[in-house]
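These are the structures, in structure tokens.
Shared between the two complexes below is chain A, which pairs with chain B and chain C, respectively.
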Partner chain A sequence: MKRMLNTLFVTTQGAYLSKKGDTVLVNIDREVKLRVPIHTLSQITCFGQISMSPFLMGLCGEKGVSVSFLTENGRFLARVNGPVSGNVLLRKAQFEFQQKNGKTSKLAGKFVTAKIANYRAVLQRALRDNPENKSDELNKASKYMKSSAFVALESESLDIIRGIEGEAARTYFSVFDHLILCQKEDFKFTSRSKRPPLDKINAMLSFAYTLLVNDVRSALESVGLDPAVGFLHSLRPGRPSLALDIMEELRPIFGDRLILSLINRKQITSSGFKKTESGAVEMNEETRKLLINAYQKRKQDEIIHPFTKEKIKFGLLPHLQAMLLARFLRAEMEDYPPYFWK
Partner chain B sequence: MSYSEEQFLQLSGLQHYQFCKRQWGLIHIELLWAENFLTASGNLLHSRVHKRDTEMRGGVLMSRGLRLHSYKLGLAGQADIVQFERSDSSNDKLTCDLPAFEGRWKPCPVEFKHGKPKISACDRIQLCAQAVCLEEMLEVQIDLGQIFYGKTRRREDVEFTEQLRDKTAALANEIHKVFDLGVVPKVTPGPKCKSCSLRELCLPKTTGIDKKVKQYIERILSDETDA
Partner chain C sequence: MLVLITYDVNTQTKDGSRRLRKVAKACENVGQRVQNSVFECLLEPAQWVELKDKLLNLADMEKDSLRFYYLGKNWQRRIEHFGSKPSYDPEGPLIV
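On to the complex of A and B.
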């Protein structure tokens, strides 16, 4: 497996990245502010107005370091890849599988089942950590997750699976506000809003999810899968459907849990946000950096994967799931084992 | 049996395949981090040896990193070293012409190993495949090759017998068949996994023993206790 190395996040506007030998140089105002040996990195993620020399891009391609460019707010712009990785036969298997309707739902059901089970794990964790929080609503939602996880697993219709997913997400977010224990006044959550996020929690969730989708996308590409050809999410130009599929399992842990703990530990405060004229809520640069750091730290945590029983860094999960999916699509494994958080 | 150029597989794959079919599959079928693996793992010695150059040492021509191929085996790759001895032998079958050098030359492939001086069948087959390539390319017959052991700095002869040639051809054939199936072979993990550089990538615990995914999911779903 790919080793879990550092991600270099570049957020300083106007920065220019170049290479010297095997070292990445970060230049700010024509001055070298940082030197990082390439072999300590697995990713470079640039936010906003950052530029990079083609020779550094080449070095990254050669060393398997993925490079992505996002807007300051984390919207994906572009990625630089070295020579195509993986095997064309794998992509062919992926496309063929995608075209077989009956089979697609089998995979879609796995993603959704794991997502719902992980939703439930988040709720259960909250109930355990704060017994006084034992509201009926949380309990009910948790039970609901349990039964719908099973239903999603058994369902053979893609429409039904998507329906279950939607309903579970709605139920989960309807009790999400109960999971906020501190700063309740400042961080109110009513429902999920994405375009644009209408409150602080939604702004953070959206940002964390974009960091995650970017990671999942790189992971898929590096095992040779096409991130655009998914099974649960329908195919649409420009949509990384498969990355969104795999992401479903990981959202509750990489996104939701992360943001809850930032708020509940008062690491983030409401002063780090502003409201635009249109009512959208945005984070300021500092808050964004805080979130990036927390996300980064999260990736360094170690877990034991319940299926492979291997101890890995959290940040390798997208990669491991991508590998397992590739194995399944190539008929090396009887089925795809999604990730369950405990 | 004769292969076409586009069917050529990597000569070095013979060794991977003999070590572990799965390892070979991961490198040559899945093409995952093969680059990293081939340059970073125990092959440091090779990457040095594989720099292309030729030098003359006391009438013996040492050619490094010569590119080899064989239509008969359907393999292509590089030799560590091929040694050419100038020869006045009248037995023309054992000598050949070389494009840039005058006279007749007797080729001998030499393979480098860091390990102990015990020639395994695996090493013999690898060397034999190189000899077959050279024979085809130079229209010559090669009876002997050598394996050089880094530890003892000793060279040992390997004789290319009919039996060894048959084994080599059979193995190349088998690899082609597996490659055409396009599926990485499953292998029961064993002691060799300990020394395998592809361990992390292979996830040996998920292969071989056919883990039941359905049971895994159901176990986890019903495992949870309600609060």
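On to the complex of A and C.
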């Protein structure tokens, strides 16, 4: 199995990244703050005012390190990639599969089923940990997840699958507030809001999802799939549809669970946020770093993959799922096995 | 795996200083300088073979010495650091 490589996050405003030999130098105020050998990295993610020398970009391209630039709040700006990697034949198979109407819905159904099942796992876990906490509503939602996961698996129509997904997500987020056990007053969740997020939890969810979509996108690219050609999400210019597809199964684990733990363990408090004039809620730099830190630590945890039975680090999951999908598209496998969290 | 590399290069001659620079550069390209002439390198076995060969070619075995310590996969619990110039953990979260 591939070794999980690290991601370098640069959040200090005004930092300048340059190349020295085979290493990445992070300069802050003309002082070298960090020197990292490139072979230990798979990604560099920059937030806000960060600059980078073209020679470093060249080195990253050559070594297959993907570089992304995001705004301070995590909105995607740009990405620097080296030469196209992977196999044309795989990409061709992916495009052909996308054209076949009946077949895409089956794959889309898999993504949605896994997403809903993993939503249910989050709810079940809350029920197990805290049996007295609003268990009626959680139980009801959990039962609903179970039935709709089965419906999604059986459905033939893409529209129906998308509908089931939307309804399940709505039900899940309607009980999401019950999963917050500490600091309930400061962290109130009513509904999902994005662009811009209107409360603290939404701000954190959106940020964690951005980190995840970046990881999934890089994983797809390194396997040789085209991240823009998705099956569940419709094709739109500039949208990484396939990354969003694969991400669906991983959202509850990498995003929701992570944020719940941070709040419930009181690692993040309400003082780490600010509200802008437009009503958008943003994290301050410290909170952002805390979240990245927790996200990166999560990736180090080890799991046994239910399908390959291999012991892997959590962070390799996007890569493994991308590989399984590639095998399925090449018709080396009967079916694509999505990831079910336990 | 993590390899700790330490070296002593005799710099009495001009040629010696040149060797020292080259050895230091080779190490800096793949690892982290934790003290003077002490490097920690996180490598795949194949990368290590390559680096080792390079270092052995650069050094003059009559005058210099190289020492390699193999700290393996669970190197985190084998290292303790005290004092100034703290190092970064190449496998931990890297945020600047």
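Things to note:
Assume the second predicted complex is superposed on the first by the 339 of 342 C-alpha atoms of A that agree within 3 Å, B and C clash if a C-alpha of one lies under 4 Å from a C-alpha of the other, contacts with A are read in each partner's own complex, and residues count from 1 in each chain.
In this text, a residue touches a chain if its C-beta (ideal position, glycine included) is under 8 Å from a C-beta of that chain, and two chains touch if they have at least 3 such contacts.
Worth saying up front: this structure is predicted, and the values here are computed from it rather than measured.
Once both complexes are superposed on chain A, the partners chain B and chain C fit side by side without clashing. If you count the residues of chain A touched by chain B and by chain C, you find the higher number for B. Once chain A of one complex is fitted onto chain A of the other, the partner contacts of A:Gly21 are limited to chain C, with no touch recorded for chain B.
Of the two partner chains, chain B is the only one touched by A:Thr113; chain C is not.
Of the two partner chains placed by the overlay, neither chain B nor chain C lies in contact with A:His233. Of the two partner chains, chain B is the only one that A:Leu324 touches; chain C does not reach it. Judged by the touch definition given at the top, the superposed model places A:Lys309 against chain B, while chain C stays out of reach.
Once chain A of one complex is fitted onto chain A of the other, the partner contacts of A:Leu34 are limited to chain C, with no touch recorded for chain B. Of the two partner chains, neither chain B nor chain C is touched by A:Arg217.
In this overlay, which is a superposition and not a single complex, chain B and chain C have their closest Cα atoms 5 Å apart.
Overlap of the chain B and chain C contact sets on chain A: residues 3.
By the touch rule above, chain B contacts chain A in their complex via residues 29-33, 36, 182-184, 186, 200-201, 203, 205-207, 210-214, 216-218, 220-221, 224, 226-227. Residues 25, 28-33, 41-44, 47, 88, 90-96 of chain C touch chain A in their complex. The touching residues of chain A, counted against chain C in their complex, run 3, 6-12, 15, 21-23, 26, 28, 33-37, 39-40, 289, 292-293, 296-297, 300. Chain A contributes residues 1-3, 64, 85-87, 89-90, 110, 113, 117, 120-121, 124, 127-128, 134, 139, 142-143, 146, 149-150, 153, 223-224, 306-310, 320, 323-324, 326-327, 330-338, 340 to its touches with chain B in the complex.
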